[in-house]
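Following are the structures in question.
In what comes next, chain A is part of two complexes: it sits with chain B in the first one and with chain C in the second one.
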Partner chain A sequence: MRRQLPTSPWLFAAPGLLIAGAFVLYPFVSTLVNSFTDRRTLVPGGFVGLDNFRELLHDDMFWTGLRNSTLYILGVVPALVILPLLLALLVQKNIPGITFFRSAFYTPVVASIVVVGLIWVWLLDERGLVNSLLETVGIGRVGFLSDQWLLLLSAMAVTVWKGLGYYMIIYLAALANVPRELHEAAAVDGAGPVRRFLTVTVPAVRSTMVLVAALSSVAAFKVFSEVYLMAGPSGGPAGEDTTLVMLVQRTGTGLTGRVGYASALSVVVFAVTVALMLLVLRADRREET
Partner chain B sequence: MPTPRRTFAAAAFLALVLPLSACGSGGDGGGSTDASGKVEGDITFQTWNLRANFKSYFEGVVDGFEKKYPGTHVKWIDQPAEGYADKISADAAGGTLPDVVNVSPDLVAPLAKAGLALDLDKAAAKYKSEYLPGAWASHQVPGLSGTYAFPWYLNTGPLFYNKSLFTEAGLDPAQPPKTYDELFTDALRMAKESGGKVATLANVPTIEDFGRYGVPLMNEEGTAFAFNDAKGVRLLTKYKELYDAGALDSQALTATPESSGKKFLTGAVAMNPGSALDLENFKKQAPSLYKNIGITDQITSTGHVNMYVMGVMVNSRTKHTPAAVAFAHYVTDAEHQMSFAKKVAIFPSTAGSLDDPYFTKEDGTDVTRVRVAAAKSLKTAVNYTPVLFSEQMKTALRNEVAKALQGKESPKEALDNAVKSCDQLLKQQG
Partner chain C sequence: MSVLEKVRPARPAPAATRERRRVTDEHGRRVRIGELALRYLLLTAVLALTVGPFLWQLSTSLKGPTEDIYSSPPTFLPSHPTLHNYQRVADTIPVWDYALNSLKVATANVVTNCVGSALAGYALARLRYRGRRAATFAFVLAMLVPVEGIVIAQFTTMRELGLNNTLIGVVLPGSIGAMNVLLMRNAFRNLPYEIEEAAYVDGANVWQRFLRVALPSVKGTLAVVAIFAFMGAWDDFLWPLIVLSDPSRFTLTIGLNYLHGTFANDERLVAAGTVIAVAPLIALFACLQRYFFRGVGEGAVKG
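Up next is the complex of A and B:
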């Protein structure tokens, strides 16, 4: 007798499946298929095999984008793993008025990235507030928005500033689950605040730190808005601050967009992102064993 | 009741695939190049960021058309300026392009190549004589025969300068630079006198600058770019000199027209291109600058200033070709262009309109002076941006120019590389 499946669970799942299929699965498969074609915005194009992938190996902008996206991970992820944890420890205590600080630190998270980007552009402009202060104290103006490396660092600082509150909330939830007795026992044994942090808090929130590392590294590798807003649509001086996702946007959009080539770039971004996740999770597993 | 597994698989597949069948090309449904039939039916008309300031004007135009042609209905859509090209490309790829679309020549070129723009030389040749010949030709695409949009309004503008900054630098504010050589000399002096704090220009040279300097932008056939000739190299070499001296703003490599406009408003930059529209801005946002504003002609070595052209395209796949062509013509005819020009600082592209006293008689105000001067220069103005010059090409040129200014490449190397990249992109456009 043939096995039958019950109908009702599928009916419940159908709306979700439809939405996921149309807006997740289809675009993904479509991107994968397009990456093997020379499709352009208004021209369907034909199958070109691995040509797009071969071309990007010789594309200077691809390597610039890969370098910047990788640097973004190296610059942003350690800060986003450690600083929100320290911030969470500070605001964890139930003292009068602490809710105000928790909300204040969370405010950048809910602010629109466009608004945040514009504010930082005004602050870091050659005639902005930061440069005026630097000039007042005799340091002189710094080209935060005109120097290739300072621009990238400035964008990283904005990413960290905007992400602090979000990851702080995640850490607050994790810290609430750390048994108070462990801290008390460590204190009885004579451990000071730093030692208690290293021997009790860090091991207790280690899996949360891994989660934060994984989430922030994926977000950092896919960074677009901060760099786009601060470095401009051309990606900074001579495009030297272009990230991979900016390159995808620049290459694949508009009436003359090279959809096939941009899709190949997207496939590379996807592959690196998956590899990153696997790497972080594997490192976590190795630590556990 | 239980259902067989295979039925589920089929249902799931259909559920995934069916909604997607709505995506992709809209197919070839509709579309005729014959505009001679009865003007009737429902059409859509898309403008480019005009609703905010000109809602009543366009509602009046639509009402007037519907009254003139009973049986027609025009649905007016306006899209924001930001991402306009992306919106058109999404509509074009999805088969939902409106029947009548506000475009610029560089947007028309890929649409015409994809067969989505109606050839007006075939469908609306009788209207050709109503427009300035140069304006009619502005929507022709190298490699294709035909004209793919009605010319709409034209725009050009003078060069504004800050008289007090000129005076502080020991320059005569009554004698602004007229030639490129004078511009470069004055800019270097301004940078020197201000200790590098005041730049004269805020933008790196664009393709229009190369055109105004007299550099041939493309070969005669329009099949390859040519702005890497000796003249082009000379212009870029001069800009490098300005950049090194602080006469070109240090943030010029990442500047946008908006950011350089802001620098001019704050007195960080002494000269900036603009239009008559900007005078109102200066009055509101920087009254002290407005008192010191100087207005001079665009600097050009060719004797022809740069102009921007707007057009109105008819979707070749429209189901109501006669109505769409009639409406595109109605919006751009002499009467409507003239009434639009009186509402905003733009210039009509219809033959004879620029001879109207509105564009020839001064009343002593700066606004009129700019308008009359601009209208006069438009008679011989050139749209220097090649219609095939895409956004990707603009970025390629900008990046190579930046490398030259930073000293990473020589001006010659930079322009050779820019031409190579643009030629490659041109080939990929097909």
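Up next is the complex of A and C:
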């Protein structure tokens, strides 16, 4: 019987480990290290201790970014926890043509964020479809993309629109595991659809809701593309719509990029991301016990 | 089991009753007409909301230069449909070159992810050696690191390797996704050991067992990895935006952003560009959606 070569397990794992090591784990460590230096794109830079972090505290743009990224969570997460669940309930029942609807609802997930962003820029344009419709029904035109707050709200709506199908699939898998007997028992007790939804469906998919909350809040905090495309590279009027990752991209790239400072910003992004995960997971555990 | 199959009939619904065909749900129960009508009404409304914007974009891209695209009330169908705008996009930016770049990047990403994550997943699931736990841990860690937080360091790493502003540089960081490795690991772990043992007794070495026995059994998950890899690479925006600076090397997403920034005043052009970018993906998805939903369910349930 042939024996396997002693090196072969590592040969199997080597390419994956090499890529993960060189392009994820090493950059992760070097982000942490760089955050304590004044490194620039073309200049090596030296150790500056906590200077970058101190500077963050006095940087108005940082606070704007942190505010917008936080607002993004507050705006997007409740919608992405509830709406896809309702959508999943709608497409759950196996009626003729339902496979078509399920796939069609997934289209915005498939389309690239740039396409989605540009479609909505056009729809929400001062002269675009939404405004034409609003004018036709007599409401008048709204500057969705020129007002600081409406712009952020529009970007949130786009994020929700693009995410619906994705979370719908996750909920569909969860709903398939809800025992039908529970619904029947509740129906026998005289509970209507709304009542059954609240007393049977919601508790049964609660852990999935927590998962969706965790995934969507982490994603919302790191939002980049939607706002970048709708507000422009400089972040809308006076940069007021800049998010944290936009700030990382803006400060860290280019020939004059402040790699050290951008790394400090990235560390904040990490820290908040990890904190969000822990927070959501803790909330889950506490409610279970 | 797939998400779709789970919600599809568990036991076969009776095809026809004595009187006439009735619409039945997944449990073979009749659905009331009123409820059914309400469902289709809601489904159609959501359909309009999710697919409508794409159709509006398509319609805009087909409207000729003399048509008013800003009319109020809006006109949905172009009165003189023309493909002229697609020609103009190609004259304005090298859109077919960009599409080719995107295709190269996406294809490379599919190949590297399928090969790399199958190999590594097999090593994590089926082979015994010192350091296996550490290797698994490394992939878990890599999966948890948010890309948005390391792009700047990835960029400096690329510069050090002399690969920034190249398509190889675009592909490399995501070429073997840690998430895919773990997906493949789970798929391999769920295979019964017996089939490999039989091959082992017959004298098959590890490569033969991997290629001839294990790999063919995880085709479903491999298909999901492939689809995710293709869509991920075709759709990616932040990383190519950072690593590419030379317009001749742009991928389609970066090219579109450039088109939008430069020619924002002609929506017909931008619309045509987005249709070029999204049409192949929708076609791909329409063809593969069955495998896609099935595989996603597989990963979700077993993972």
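The working rule: the second predicted complex is superposed on the first by the 274 of 289 C-alpha atoms of A that agree within 3 Å, B and C clash if a C-alpha of one lies under 4 Å from a C-alpha of the other, contacts with A are read in each partner's own complex, and residues count from 1 in each chain.
Quick note on the criterion: contacts are C-beta pairs under 8 Å (C-beta built on N, C-alpha and C of every residue); 3 or more make two chains touch, one makes a residue touch a chain.
If you're wondering where the values come from, they're calculated on a predicted model, not measured in any experiment.
J.: Both complexes share chain A, so when I overlay them there, do chain B and chain C fit or clash?
T.: Superposition check on chain A flags a clash between chain B and chain C.
J.: In the superposed arrangement, which partner chain does A:253 touch: chain B (first), chain C (second), both, or neither?
T.: Touch partners of A:253: chain B and chain C.
J.: Give one of first, second, both or neither to describe whether A:41 is in contact with chain B, with chain C, with both, or with none.
T.: It touches chain B and chain C both.
J.: With the two complexes superposed on chain A, say which partner A:143 touches: chain B (first), chain C (second), both, or neither.
T.: After superposing on A, A:143 lies in contact with chain B but is clear of chain C.
J.: Quick one: classify A:234 as touching chain B (first), chain C (second), both or neither.
T.: Touch status of A:234: first partner only.
J.: Identify the partner contact of A:127: answer first if only chain B is touched, second if only chain C is, both if each is, neither if none is.
T.: both
J.: Touching A:58, do we find chain B (first), chain C (second), both, or neither?
T.: Neither partner.
J.: According to the stated criteria, A:16 is in contact with first (chain B), second (chain C), both, or neither; which is it?
T.: A:16: touches chain C, not chain B.
J.: In the overlaid three-chain picture, which partner chain does A:224 touch, first (chain B) or second (chain C), both, or neither?
T.: Only chain C; A:224 stays clear of chain B.
J.: Of chain B and chain C, which one touches more of chain A's residues?
T.: Counted on chain A, the partner with more touching residues turns out to be C.
J.: With both structures aligned on chain A, tell me which stretch of chain B collides with chain C: 150-158, 186-194 or 258-266.
T.: With the two structures superposed, the offending stretch of chain B is 258-266.
J.: Following superposition on chain A, which residues of chain A contact chain B and also contact chain C?
T.: On chain A, the residues that contact chain B in one structure and chain C in the other are 2, 4-5, 10, 17, 21-22, 25-26, 41, 125, 127, 232, 253, 257.
J.: Please give the residue numbers of chain B that touch chain A in the complex, ascending.
T.: Answer in residue numbers: 1-5, 8, 11-12, 15-16, 19-20, 23, 25, 85-86, 88-89, 92-93, 107, 110-111, 113-114, 116, 250-251, 253-256, 266, 268, 390-392, 395, 398-400, 402-403, 406, 408, 425, 428-430.
J.: Applying the document's contact rule, which stretches of chain A touch chain B when the two form their complex?
T.: Interface residues on the chain A side: 2-7, 10, 14, 17-18, 21-22, 25-26, 38, 40-44, 125-127, 143, 145-146, 151, 231-239, 250-251, 253-258.
J.: If you look only at chain C, which of its residues touch chain A in the complex?
T.: So the residues of chain C in touch with chain A come to 3-4, 6-9, 23, 25-27, 31, 36, 39-40, 42-43, 46-47, 49-51, 53-54, 56-57, 60, 70-74, 115-117, 119-120, 122-124, 127-129, 131-132, 135, 138-139, 141-142, 145-146, 148-157, 159, 172-176, 178, 181, 200-201, 203, 205-207, 210, 231, 234-238, 241-242, 253, 256-257, 260-261, 267, 270-271, 273-274, 277-278, 281-282, 285-286, 289, 293, 296-297, 300-301.
J.: Which positions of chain A touch chain C when the two form their complex?
T.: 1-2, 4-5, 8-10, 12-13, 15-17, 19-28, 30-31, 34, 41, 87, 90-96, 98-99, 101-108, 110-115, 118-123, 125, 127-129, 131-133, 135-136, 161, 164-165, 169-170, 172-173, 175-176, 180, 218, 222, 224-225, 229, 232, 245, 248-249, 252-253, 257, 259, 262-263, 266-267, 269-270, 273
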